[in-house]
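Common to both upcoming complexes is subunit A, partnered first by subunit B, then by subunit C.
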Partner chain A sequence: MVLERTQTLKSLHPLAWWAWAIGIGIAVNGTTNPLLLALIALALVWVVLLRRSSAPWARSVRAYLILGGFVIAMRVFFQIVIGAKTGDTILFALPEIPLPDWAAGIRLGGPITAEALAYTINDALRLAVLLLCLGAANALANPRQALRSMPAALYEASAAVVVALSVAPQLIESGQRVLKARRTRGTNTKGLRSLASVILPVMADSIERSMSLAAGMEARGFARTRGLPVRGSLTLMISSSMLATLGAFVLLSTDFRLLAVGCLVIGLVGAGFGLRLAGKRLAVTRYRQQPWRVRDTVVSGFGLLAAVVVLTIGGLNPNDLSASLLQWLDPQALFPSTDPLTWPQLSVPMLLVVGLVAAPLAVTGKDRIDVTESVRNDTMVRSLRPKAEILVTS
Partner chain B sequence: MITFDQVSHTYPESAQPTLDRVSFSLSEGDLCLVVGPTGSGKSTLLGAINGLVPHFTGGRFSGQIRVDGRDTTKHRPRELADLVGYVGQDPVRGFVTDTVEDEIAYGMEQLGTAPMVMRKRVEETLDLLGIAELRRRPLTELSGGQQQRVAIAAVLAAQPKVLVLDEPTSALDATAAADVLSAITTLVHEVGLTVVLAEHRLERVMQAADSMLWLPGDGSVRHGGVAELLAQANITPPLAALAQVLGWPTVPLSVREARRRATGIQIRPRPETPTSHTELAVGATDLQVRFGEIKAVHGVSLELFAGTITAVLGRNGAGKSSLLWALQGALTCGGEIEVAGQDPRRLNANQARRLVALVPQTAADLLYLPTVEAECGQADVESEASPGTTAALLTRLGMQLPPDRDPRDLSEGQRLALVLAIQLAAGPKVLLLDEPTRGLDYQAKAELHQILDQFASNGTAILISTHDVEFAAATSQNLLLMADGEIVAAGPTADLLTSSAAYSPQMSKVFSPVKVLTVADVAAGLWDPRP
Partner chain C sequence: MTSYLGTVPDSHRQRVSLALASTIIVGATSFAWPLFLAPSSGMKPEQAVWVFALVLPMVLATILAELTSGRMDVKALAMLGVLAAFGTVLRPLSAGTAGFELIFFLIILAGRVYGPSFGFALGAITLFTSALITSGVGPWLPYQMISAGFVGLFAGLLPKASGKAELALLASYGMLSAFAYGWFMDFAFWPFGIGNSTQLSFDPAASPLTNLHRFVLYNLATSMGWNLGRALTNAALIALLGTPLLRLLRRSARKAQLAGPAIAASTSE
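Let's turn to the complex of A and B:
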C-alpha cells in the first residue's frame, strides 16, 4: 500500500527528462567508441538510480539493461554464424558449411576474426546504449504524464495513445482469464477451433470494453468544443510544416545554410503558432500541470549540449585542424578503427559529454529555499516521525 | 429536473420497442430507484437521461427528454456532461486515466474548469467520498468498492445536477455495497443532487428512495412511491415478500419499520435440519494458494458432502475465487485435495471436469460458438456424452432457449443456465459456482435456487461463492465465512447467519431473536391460530 505523502523535492518536468535523454541519444548515435559508450551508460544508470521515483514505471530500467544485453548477444551470435569476414586476426574457427552458388556472399561458420567481432560489438553497444537512453527517460518520467504536457491541439491524439497504452495489459488479462475458464470445459478441441474458442471471447470482451470506455469518455465530455476551429489554422500548420521539411532537406543536402535555417525556423514557429490556434477549439484545461522551471531548461540543455558536442566534433575535418587542436579534439576517436584493430582512445570533449550526462544530478537535488531560522527549532520532531513512504504489504 | 415526454426507443436490431411512450417527471433533489427484471430496459432508460441513448447506441427514438431544460435530442452526451454525471455498470471499463487523482480531474479537464478551481474540487470530492488516502494509487490496484467510489467521485467532481448510476453495487460485497449506497444517500441529503439509481438489491436502498420507476418489461414505465409500487410489482425484495405473506397492505421499507409492524406476530423458529452427513464428496486439508507474495488462501480445510449446498461468504479479495479454482485442481497449491479418491490437480482437464465442474465468475468466457444448439452439441462431444445430453439438461433446468439464438444475446440468467448445462453434461459429483448471482434479478435467483436444489437432491455436492447474503440464506445448508484467505467460521447456515451482525439476512433481523432466515421460513413458521 502506498500512503499519501507530501510532494518530493526532486521532481522535474517529464518533458525535460525526455529532452535530456533524446539529446544523449543523438550523441550516442554519433559515436561507436566503446569506452565513451560504456561511460555514458554508467552515467545514465547512475542518474536513474539516484533520481527515479518510487512509481511502478520507474523500475523499467532493468528491463532495458537486459534488452541491451540481448541486442549485443544477438548481434555477436549472428556475426559469428553468418557475418562477413574482415581482418586477419583469427581468434578461432568454426566448421564452415558450404552453400550453393546462388547464396554467394553468405558464409555459414568459418573463421572468426577479432576485427569483425570488435566492429560488431562497438556497433551493437551503440544500439544498446540508445535503448538505455529510452529506458532512462521512461524510468525518470511517467510517459503518460509527458503526454499530458502536449499542446491542446494534439490532445485527442495523446488521449488515443494513452488509451492504446492500456490495451495490451487488458488483452493479456482477459486472454488469461478466458484460457483458464476454457480449460474447465475440457480440451477436446484442437487446432483452429481451440484457437477460436479463446480468441472469440477475448475479442468480444475487448469490443465491449472499448465500447464502454467510449461511452464513459463521451458521457464525461470528451471532445467538447468551445467553438468552431479557427479559420486558416490547418492551412497555416500544413504550409509551415512543409516549409520546415524543406528547410531540413536543404540543410542536410546542400550548402545554402542560411536559407535552410531560415526556412526551418519560420516553419517551426509557424507550426507552433498553428497548433496554438487549433488548440483554442477545445475547452480542455489541465489538472496540476507541472510548471516548466529554470532547471528544466538546464537539464534539457545538458542533453542538447551533449548532442551538439559530439556532432560538432564528428563533423570536423581533421585536415583543417592544427596539430595541437587535432590532438585535443581528436574527431577520429569517435569512430575508432577496428581494421586494423586499435585500442579506443578517450579525449577531453568525450569526458565533457559524460559529464553532461551525469550533470542533472547536480541541479536536481533538493530545492533550495531561503530559510529563516526558527528560534525554537522543532523541525527535529517531524524528522523523528515514521516515514510515510512506500509500505509494500502483502 | 428530468422530464420524459412520450419517449419511445427501439434498438436497431430489435422489433419490440425497449421503451414505449414513457412519460414521467422527477423533481430536483429526488433519489429515484429504477427497478425491473433484467432486460426490461433499465439501462436504456438511464442512458436516455444523458443522451447516450440514442446518440451513442443508435436506434429509433421519439419523444422528448428535458434535463434541467435541455433537450437531449439536441445535445450530445458530451454537451450534457456538466449537467448529468453517468456511472456505467462496470466502473473499471469507464476509467480513462490510470491514477485516482487524474481520474477525478478528467471530467473537469474536459469541461475546461480553471486549474485553481479544479485543484480545490478534487480535494473536496476526495473527502466527500472518503477516498483521500487513495489519491495516488493506480486504479487497477483498488478493490471493487474503492473503484466504484472513485468512479462516483470522478463524475461528482464536475458538479453535475443529476447523478445516474447503473447498478453500482452489483459486483460488491455486502459491506462495500453498504459503503457506496450510504455515500449516495449522503449526497442526496447534503448536496441536493438528483439521483437516478438502478439496483437489483433493493433491500439496502429502498428506505432512502423518494420514488420508484418500475419497468415491468413490456416497454411501459410506472412512476410512483416506493411502498405502493412494491406492493404490486413483480420485484420482490424480502420485505415485500414478507408483506405478501403477512397480508400487509403496504411494504415496509426498512427492517426497523418491519420490526415495529411485526411485534405480536408469533413465529416458530426454523426447524433444525438434521445434519445428515451423507457421503463425503470433497475433502481438502490445509490448502495454500499463493500468487507471488500474496497468500490468497492460507491453511483452509473443508469437507463437502454429497447432496448439500455450501455457500462461501466473504469480502472482495478474501480468497473465495482462489479456493474454488484450487478445489477444481486448476491451481498449483499446497495441501491435500481428495475428490472421490482422486486429486483433481493430477488429472487432465477432461478427467477433472468429470469430477468437479466449475462455473467461473464471467460465465460468458466459456461460450464461443454462434448458436445455443452448437454450444450444446460441442458440450456433448467434450463430455463424451450421448448427443442431446446437454440440450436435455437445459430443458431439465427449466430453460427453453431457442436453439438458433446467439449465446451472447441471452440474458444473464439464461446464459448462466446454458453454462451450467454445459458443465453438468460431464456428470460431475461436485459443482462449484463463482458468484453466480451477479446481475440476476429476484426471479432469476429463485430459478437458480430451484435448479441447484434439484441437483443437490440428486446427490451433487455444491459450493457457491457469493456476496448475496439473502441468496446464501435461501439456498445453502452449510456456510463458510472467509476473510484474508482463511476460513473464520464454518457451520450450518441457520446458526452462522442468525448469529452474525454483518451477514444476517433481513428476515432474521426482523424476527430476531427467533431463528428464521427467509420468507419461506416465516410462512412455514406462522402460528396458525386455528387448530
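Let's turn to the complex of A and C:
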C-alpha cells in the first residue's frame, strides 16, 4: 500500500499571504524607526516559523535574512568609504583620498560621523525588513496554488510555467544520469568544457521530451477549446498599460499627483478588464480552485490595516494635534531624527502595528498535510512526482 | 525574420509586433526613471521602483497573453516550457559565483532560432519559473522578466548570418546583452543598492547628465566584475555550444513545422 501526502485546501489562500505581506511592506516603507522595524522583523520571523509548511520554498526565509544583513553591511561600507559627511560627532577618521576630476570629485574615506552612520543603518534596516516581508510571503504562499489564480488570458503562459516546473526535476535527474555515465567512463566531470558536454545530451533529451509532451497535450485536446482572440482586448490592454505608464511618469516628474494617480488607477483597472476580456476566448474550467474564505480576507485585512495605521500617523501634522493626542500618537517617532542624534521611541500605535503583523497566528492553524491512500498504481506517474509528496511505501 | 514554430498568419504577426513595440516603450520608461524623477514630485527615489513594480506586471500580462494565446501552437508551448525548465535548472547552479550566469546563452540561442516573440516569452517565463522555484519573487521580478525578455527579443532580430559568422555574431551579442542587462537592472535599482547619502547616490536635484556620470562610477565600483563575468560566460558558452545547440533547435523547429500541417489537416476534417 502506498500513502501519499496531499496539500489540503484548508491552507490559507496564497494571495492572502501576499496581501498581508505587501501591507506590512507598505507600513515598513513608512518608517525608519529601528526599534519598530526590529519588532516587525521579529514578528514576521515568528509567524513564518510557526506557519510555514515543509515545502522546499518554505526554507527561503533564512536566505532573505542573510540578504538583509548583506544589504545593511554593504550600505554601511559605502557610507564609510564614499559617504556624504553630515553631523559633528566624529567616531573615527580614515585617511582622505581625493579622486581625479573624471570621478566627479569624489573623496574616499575621511571622518566618519555617528549621525551619518545612524541614518544609513536606519535606512538600510528599513530595506532589510522590506526584503524580509517578501521573504515571508515567498515562504508562506504556495507558488503552485498561486498559479491557479492567474487570469484566464494567461492560461497558455501558465501552462508553459507548469510544464517548466514539472519538467525541471526530470532534467536534474537526466543530468545526474549523464554525469554518472561520464564518471563510470573515467572522464573528467569538472570545468566549463565538461559542463558543456553534459548540457548537450540533456538538452537533446529535453527537446525530445517536449515533442512527445506536445503530442500528448494535443492528443488530450489541449488548445482545441480556445477561440480566436476577442476583438478589442489587445487595444484595451495596450492603451491601459500605456495610460498607467504615463501616470507613473507624471507622478514621478511633476506635481500633478491627482492626475497621475487617476491615470494609474484607470490604467490598472482597464488592463485588468482587458485581461478578463481576453480570457473569454477560452472554454476551460478550473480544477480544484482554491476558495477565498473569510479567514483570507481577515489576514489580508491585518496587513492592510498595518499600512493604514502607519501611513495615517505619518501623514498627521504635529501642529494640528492637541498635546495629549500628540504624546499618544507621536508622528515624529516614525522618523527619529539622526542629526542631532536621538534615541528612537516606541508609541502605542506602533505596538498595534507589531500586533497586526503577528495577528495571522491567531486565525490560522498549522498547515496540515493530509495523508491519503494512493489510488494510483502506476509507479511511473508516482516516480515523477516530487519526493516530498510521497510519504510511506510498504 | 527567422521562423517561428508552426505557421503564423500576417494579421497575428502585426498584433504581436504592436504588443512588443508597446512593451519596449513601457520597459524603456520604467528602467530610465532615475533620469526624469523631479525633486518637487514628493516621491522618494526608493518609492519609484514600487510604482513601476505595479505597472510592469500589467504590461507583462498583456504581452505574454498576446504572445502565447492563439499564436503559439502546442509544440511551441511545450518547447517554451521545457526550455524554461532548462534555464530554471541552470540558474541555481550559477547563483553566487561572480556573474557566472548560465541562463542567457539559452535564451539567446532560442530567440535566434525561433524568432523574437518566442525569445521574449522564453526570457520572461524562465525568470518567472526560477523565481518560483528559488522563492525569489519580489519587486525586482517584473524588471528581470522584462529585461531577460528583451535579451531574447533582440536575439531574434539579429541580422542573417551563417557558420562561423553567425557564431561570432551571437557571441558578441551575448557579451553586449550581458552588460546591457546588468546596466539596466542596476540603473532601475540604483537607489536601492546604495541609499541616498553617499557621493555615488542618485540625486533627484541634479541634472540627468550628472546622474548618469554618477551612475557610471557607481556601476564601475560595484558590479563591473559581475557584468564582465556574465559577458564572458555568455560568449564562452555560445562559442562552445552554439553550433550543436543551434543545429538541435533548428532540427526540432523543422520537425514541428513538418508535423504541424499534417496534424491540423487530419483533425480539422
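Structural remarks
Everything that follows uses one rule, which is that the second predicted complex is superposed on the first by the 224 of 394 C-alpha atoms of A that agree within 3 Å, B and C clash if a C-alpha of one lies under 4 Å from a C-alpha of the other, contacts with A are read in each partner's own complex, and residues count from 1 in each chain.
Methods note: a contact is a pair of C-beta atoms (placed from the backbone, for glycine too) under 8 Å apart; a residue touches a chain by one contact, two chains touch by 3 or more.
In this text the structure is predicted, and so the values were computed from the model without any measurement.
Contacts of A:Arg182 after superposition on the shared chain: subunit B is touched, whereas subunit C is not. Legend: residue contacts after superposition of the two complexes on their common chain; A:Arg209 is shown touching both subunit B and subunit C. In the superposed model, C is the one of subunit B and subunit C that contacts more residues of subunit A. Legend: residue contacts after superposition of the two complexes on their common chain; A:Phe78 is shown touching subunit C, with no touch to subunit B.
By the touch criterion defined above, A:Ala278 reaches subunit C but does not reach subunit B. Once the two complexes are overlaid on the shared chain, A:Ala196 sits against subunit B and subunit C alike. When the two complexes are overlaid on their common chain A, residue A:Ala153 makes contact with subunit C while staying clear of subunit B. By the touch criterion stated above, A:Val162 is placed in contact with subunit B and with subunit C alike. In the superposition on chain A, no contact is made by A:Gln332 with either subunit B or subunit C. Look at A:Glu218: by the touch rule set out above, it reaches both subunit B and subunit C. Counting contacts by the rule stated earlier, residues 159, 162-163, 166, 196, 200, 204, 209, 213-214, 217-218, 222-224, 226 of subunit A appear in both its interface with subunit B and its interface with subunit C. Looking at the complex, you find that subunit C touches subunit A at residues 15, 18-19, 22, 25-26, 29-30, 33, 36-38, 40-43, 46-48, 50-52, 54-55, 58-59, 61-62, 64-70, 72-75, 77-86, 88-89, 121, 125-126, 128-129, 132-139, 192-201, 210, 213-214, 217, 236-237, 240-241, 244-245, 248-249, 252, 255-256, 263, 267. Across the interface of their complex, subunit C is touched by residues 29, 57, 60, 63, 74-75, 78-79, 82-84, 86, 103-104, 106-107, 116, 119-120, 123-124, 127, 131, 134-135, 137-139, 143, 147, 151, 153-157, 159-168, 171-172, 175, 192-193, 196, 199-200, 202-204, 206-207, 209-211, 213-214, 217-218, 222-224, 226, 228-229, 234, 237-238, 240-242, 244-245, 247-249, 251-255, 257, 264, 267-268, 271-272, 274-275, 278, 281 of subunit A. Here subunit B touches subunit A in the complex through residues 50, 52, 55-56, 76-79, 81-82, 84, 86, 88-90, 93-98, 101-102, 105-115, 118-119, 122, 132-133, 135-138, 154-155, 158, 293-295, 325, 328, 330, 348-350, 353, 357-358, 360, 362, 364-368, 378-379, 381-383, 408, 422-423, 426, going by the rule given at the top. The touching residues of subunit A, counted against subunit B in their complex, run 2-4, 56, 144, 159, 162-163, 166, 177-178, 180-189, 196-198, 200-201, 204-205, 208-209, 212-224, 226, 283-289, 392, 394.
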